[in-house]
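What follows is subunit A paired twice: with subunit B in the first complex and subunit C in the second.
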Partner chain A sequence: MKAKDLATFILPVSAAIAVVVTALLQPLFLTPGNLLNVVGQSAPLAVVAIAQMLPILTRGLDLSQGGVVVATSVVFALVAQSFGAVAGMWAGLLVGAGAGFLNGAVVGGAKVSPFVVTLGFGSVLQGAALILANGQPISNVPEGFTLLYYGRPFGIPIPLFVVAIVWLLIWFMLQRTTIGRFIYAVGSNERTAYLSGIPTRTTLVAAYTLSGLLTSVGSLLLSSRIASGHPTAGSDMALQAVAAAVIGGVSLFGGRGGVHGAVAGAAFLGLLANALNLLSVASFVQLIAVGISIILAVLIDRVRFANRGGG
Partner chain B sequence: MNVGRRTLLAVVVLMALAVAAILIWQNSRANDRTSVRTSNNGQVVRLAEGAPVEQPKPARRYRIGVLFPFLASPFWVNEAYGVTDQARALGVDLVWYSADGYDNIDKQNSQLEDLVSKHVDAILIAATSSTGTAPVVDRAAAAGIPVFAHVTSSTSSHIISAVLDDDLEIGRKQAAFLGKALGGKGQVAMLNGPAAAEWSSLRARGFKEVIARDFPGIKIVAERFGIPDRADAQRLAEDLFSAFPKLAGLFTVADGMAMGAADAARQAGRQPDAMVITTASFSREAVPYMLSGAIDLNVDENPVKIGRVAINTVVHGLNGKSIPKTTYVPNPAMTRETVGKVDPKLQWAPDTWRLR
Partner chain C sequence: MISVRRLSKTYGAARVVDDVSFDLFPGTVTALLGGNGAGKSTLLKLMGGVLAPNSGEIRAGAEAAPLASIRDAMRLGVRSAHQEGSLIPAWTVREHFTSLPAGAAPPWAQLAPHIDPDATVGALPQRDQQLLEVCRAVYGRPQVILADEPTAGLEPELSARIVKALQSAAAAGAAVLWVTHDLEVALASVDRVLVLRGGRLVRDAPATDATVRSLLADFTGGPEGFDTVVARRPSGADPVGPCFTLAGVALPRGRVVGIVARSAAGVSTAMRRAAGLAPTARSDPLGFPGSRPKIGYMSRERSREWDFDGQDLLFNLTASIVAPLARHGLRDRPGERAAAEALVEAFSIVAPSLEAGVHELSGGNRQKVVLARLASSRPQIFLLDEPFSGVDAPTRRTLAEQLRSLAGEGAAVAIYSQELPDLIGAADRLVAIRDDGATIDIDDWSHPRAAVEEWLSGPAGGELAA
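Coming up: the complex of A and B.
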């Protein structure tokens, strides 16, 4: 077995080992209540990680996600106060899609570094969120809104349904539709893609718009979880999402990886945090553990794809 | 077989196992927790200044989960020292987590859920957000785990008891001192904390309330907001001294700000006696400023005592004893005369102490 084949199995195998070891040391880990908690705790990040995966597949990056999360949260809360939760949610989704469209238009149109463009837009959105919210959390959101996160029809948390729907839709799009193939093609080699007649600009706009929209979905889950529109909570989600995607095998070199990996990465980070909490590992040490697993994931990514050509 | 399929397979297998486990446990699990009857007597208690901290005896070796919003400031380190040292003295086990920042409400909610999963005997939370944590506090209560609060409470009606310092009173004490020191007249400015911070706005409100009521001759000429640290406050104070040459008094919400303002006053060539500066927090670093007269009044937030009293309250509650709904620790006003009498060992975490 070659090193890169071995590397492919490291995430699932190490996750399985971590689960078994934690379960042996702390029997409470595998109780249904705790597992359902982990599902809920990982859900916002899972959706945001799927969102982040799309630009990464095009060999880009979306660092505006933190800004999209807080702007969505605040706009949702402000609109929901006057027009109800449903109108608020639509308004929030519009913020994400609009921001994503602008990201994509600048990245694809002007051929500039997505790193800088999205960082800039993120800062604009963060500022806008603070201005709109007057620097304060908006806590009087419609009462039923917390059900989006805490509701459990048939005993299954609603966030799990949301993740499943987003997961299936994006999987279908990437595997079965033209735009999905274009995204992989642009990420593998943008110039070759362009020369073979693929509309690279449109592809980038689509990838970033969808990314913004999905980030807003994640933001609504998060807002429901903290029962408020919040101008700063979740502002660091872009980097967490990159970490989740990379841990799940989405390559920062573009064109490689998929939606299952992004979900698995988010689930892994959620499980890790939960397991460390249940094992009473001190907070400061936990930061080190999470950091090490991210670094290992990037190294694995490197080993897996080191010998492969254009993809 | 490509990578995506393998990962998919692994995820599907894991999920199937999880679902199976959920179904099995949900059927087999009876309510195996004997719930603790813990409740408050609805009272608000103010502890007397200088009263010794009691040492209740736990009925058994309790395990208490403690949540901090943040641990990278002197206030929280001192508070955490009070919590952990009291737990050690009483023979109580602690599990503590830090959310590592006030913005990490989601992380704190996860930590709270994980404490419920761990079946701790009680949870003691300093909330990152009073409203954002409420749904999870409610769920912990529904799971039969009593939740207490220290320093910052939650809006949930299920908080059994909270141990706090009285921010309104901290502002009022500063106003009373400043008004008297200035003889009831003159120009005063205010340096507040972040506009969104409740602790800061309460202190400012208490200050304004007493100035308006008792000292009509004193005029508040400016109110500024900033991060409660020295550099930011120094910049704000420099601008204030330029804009208001006749400024005689300065209210600051925390002594990091007061130290910055005192530095600015010295650089502007103002004598310590010509400017009355009041503040709160009473950190170790501020003591030299008080001895030199640069800071005239420093209201003690008493973080170590909050931590100790909070652990005592949880133990009393778990023991089934009647406990108040809210306990305010005393916030003594420290001046140049009284600062020398403070015992550093009781007041702050020892230099050698490390949170583990």
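Coming up: the complex of A and C.
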């Protein structure tokens, strides 16, 4: 019991420690400008982490996110060159939704391990993105597109609006709609869900499709930030998104956790990256920090739900 | 020599092995008998050091050394032949037997002389693997041999060979414990019988004192209250019209049909097929014309197929009605809560609140939750696989009443159980299935138990009563 209670407090406590230590060492950290910076930088990850949370809630995983991010970015840039930014964004979103649908169809229909299916599919998408982009970033995207990331109506960055809308919509879906309930049911026990008359396949397809679509939204934020269609930038986002979700208390055993946790986990990772930057720690060290965070989070998850699904 | 003292093993609230004590002596073959889920396999795993008991101890060998792990078991000469193969598929037959003495007859010469010693084990047919499993257990003069259904599914000739191998291992000084469902063969070939029921040892006697009928009586519970059960057969004939069938048994609407079978007669599998959990070639596993009927299936896999793990009572009760209550995909949360409260009331579920985790509930209450959830979607047919095991007597009575009232509302209810007294208490109609697949409708409600046992102990595959 004590270990479980302790586990619940680890995220807020370690976030607080990171904030205090960094603020003491680097006064710039707690300035409004920097904090707004953190929020903006965390936004793509926050959206992708919310996306990742959906398959995890069904006791699955979406490791194709890296591929979806780069494929969306490249397809967006190619279409935007000829037909404008709006058409490019629609095309990018279509790539994500389509990829997610295929993931869901294979995972739900053929009962194959989501780990393998999405990992394989992610690799396909990464290769496709490199081929389409000829291995080079596509930089001549319409100028107005960068507003998606850098625009600040009422002084508030647009990425913050995007995160808020996605956050609210997914919260509403999970709490107030039948499909949200089905996602938790399938993740808690797919057999019981099936025996209770819940359409488990449809639920899985929906969860993965939505996951792909939201991953594309995150990718567009990222593309706007770097003002290009990039065939490799963000290809490591699946792991970061899993880390964010699990750090935020979304259980890898399925059926536990929610959208607030995924956002909090992404914010924590953004904060950590920013703090390490300000303290002039090499960016390579950040890889190690993220890796350790995810391993710790998974261990905590194990402790919290140690008594579940045993046998 | 191996001694078991006050051994108990629990999984959650279920006592799978309950305070069991006995000794096995060198030179004897003992049969371990009991119905499905009586705890036989668990007891064997405890004795082989595969599982750790919650209390009690096992001692083996000349010095009566404690046995608490697989390593201890190996050192003390305790060998197991498991149901699920302990052979290594990628190894050859020969590689499974270390340090074969030169010139000596290979260990498989007696049991499976046809086997190619250089064949990869994984490529051998199932029955050859089963024979090898036994070869391995009897090889090298073990002190104790624990064999879990080594003859299951084998033709009589091969079974006889295995029995002979176990007997000659005993003659060479081993203490043999043999789990089997084949009561006639067991009585004809062992020295002593142990019978487990609900994890407790209910008989420990020389084989010569037992009969098939008395063993079956042990399996299904004490005689108390049996023949005094008031047969509540509904008056009048069964309703006419199309009727579901399950494993050859007709299931009319408005009736509770109790199915009893002497051994795994495919009823469980038939139920799983009907529920869509096991593959089936038939599009209508219940033999029902027209669209697929709505089925409420309660699995015997209580730990794996009953609950939405980690969710609260409200979630578990309403999972089937979230969609029907919703409008345009939006949940009707007050409606769900009201429905859950009604189900708690109707099924007399005892819980601190609707927000209590389902795992905080007792086994009996969890069972009521499952039944309540199934009933909430108003299925046309209920299929229940061993619903009485692991719950206390009052809960069993409540369950029986609830099933009867569900049938009263027009559903067809089928219960498959080895617990004959409960079945008699719950069913309008009793059907017994023999090993040869022959079924009988029990008509004699003045002595239903005697009628069932007489039918079941009849010759398997023998002449059928027309």
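Quick note on the criterion: the second predicted complex is superposed on the first by the 300 of 311 C-alpha atoms of A that agree within 3 Å, B and C clash if a C-alpha of one lies under 4 Å from a C-alpha of the other, contacts with A are read in each partner's own complex, and residues count from 1 in each chain.
Note that in this section contacts are C-beta pairs under 8 Å (C-beta built on N, C-alpha and C of every residue); 3 or more make two chains touch, one makes a residue touch a chain.
Quick caveat, the model's predicted, so the values are computed rather than measured.
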Subunit B and subunit C placed together on subunit A: clash or fit? fit
- Message: On the A-aligned overlay, A:123 touches which partner chain: subunit B = first, subunit C = second, or both, or neither?
- Response: neither
Of the two partners subunit B and subunit C, more of subunit A gets touched by chain B
Applying the document's definition of touch, where does A:81 land relative to subunit B and subunit C: first, second, both, or neither? neither
Q. Of the two partner chains, subunit B (first) and subunit C (second), which one does A:189 touch, if any: first, second, both, or neither?
A. second
Q) So, does A:261 touch the first partner subunit B, the second partner subunit C, both, or neither? A) first
| request: Considering only the touch criterion stated at the top, classify A:198 as touching first (subunit B), second (subunit C), both, or neither. | output: second
Once both structures are overlaid, the C-alpha centre of subunit A sees subunit B and subunit C separated by an angle, to the nearest 10 degrees, of 130
> Thinking of the overlay built on chain A, is A:155 touched by subunit B (first), by subunit C (second), by both, or by neither?
Replying inline: first
Worksheet entry | Contacts of A:177 with subunit B and subunit C, given as first, second, both or neither | second
For subunit B relative to subunit C post-fit, closest CA-CA distance rounded to the angstrom comes to 10
Subunit A residues contacting subunit B in one complex and subunit C in the other 256
Per the touch rule above, subunit A residues touching subunit B in the complex are 8-9, 11-12, 15-16, 19, 26, 28-37, 40-41, 44, 134-137, 139, 146, 149-150, 155, 222, 225-228, 230, 232-236, 248-249, 256-258, 260-261, 263-264, 267, 273-274, 277-278, 280, 282-284, 287, 304
As the complex stands, subunit C meets subunit A at residues 275-277, 294, 297, 299, 303-311, 315, 319-320, 322-323, 326, 329-331, 333, 359, 373, 377
Per the touch rule above, subunit A residues touching subunit C in the complex are 176-182, 184-185, 188-189, 191-198, 251, 253, 255-256, 305, 307-309, 311
The residues of subunit B that touch subunit A in their complex are 3-4, 6-8, 10-11, 14, 18, 21-22, 25-26, 29, 71, 95-98, 100, 103-106, 109-111, 113-119, 129, 131-135, 139, 143, 155, 194-196, 356
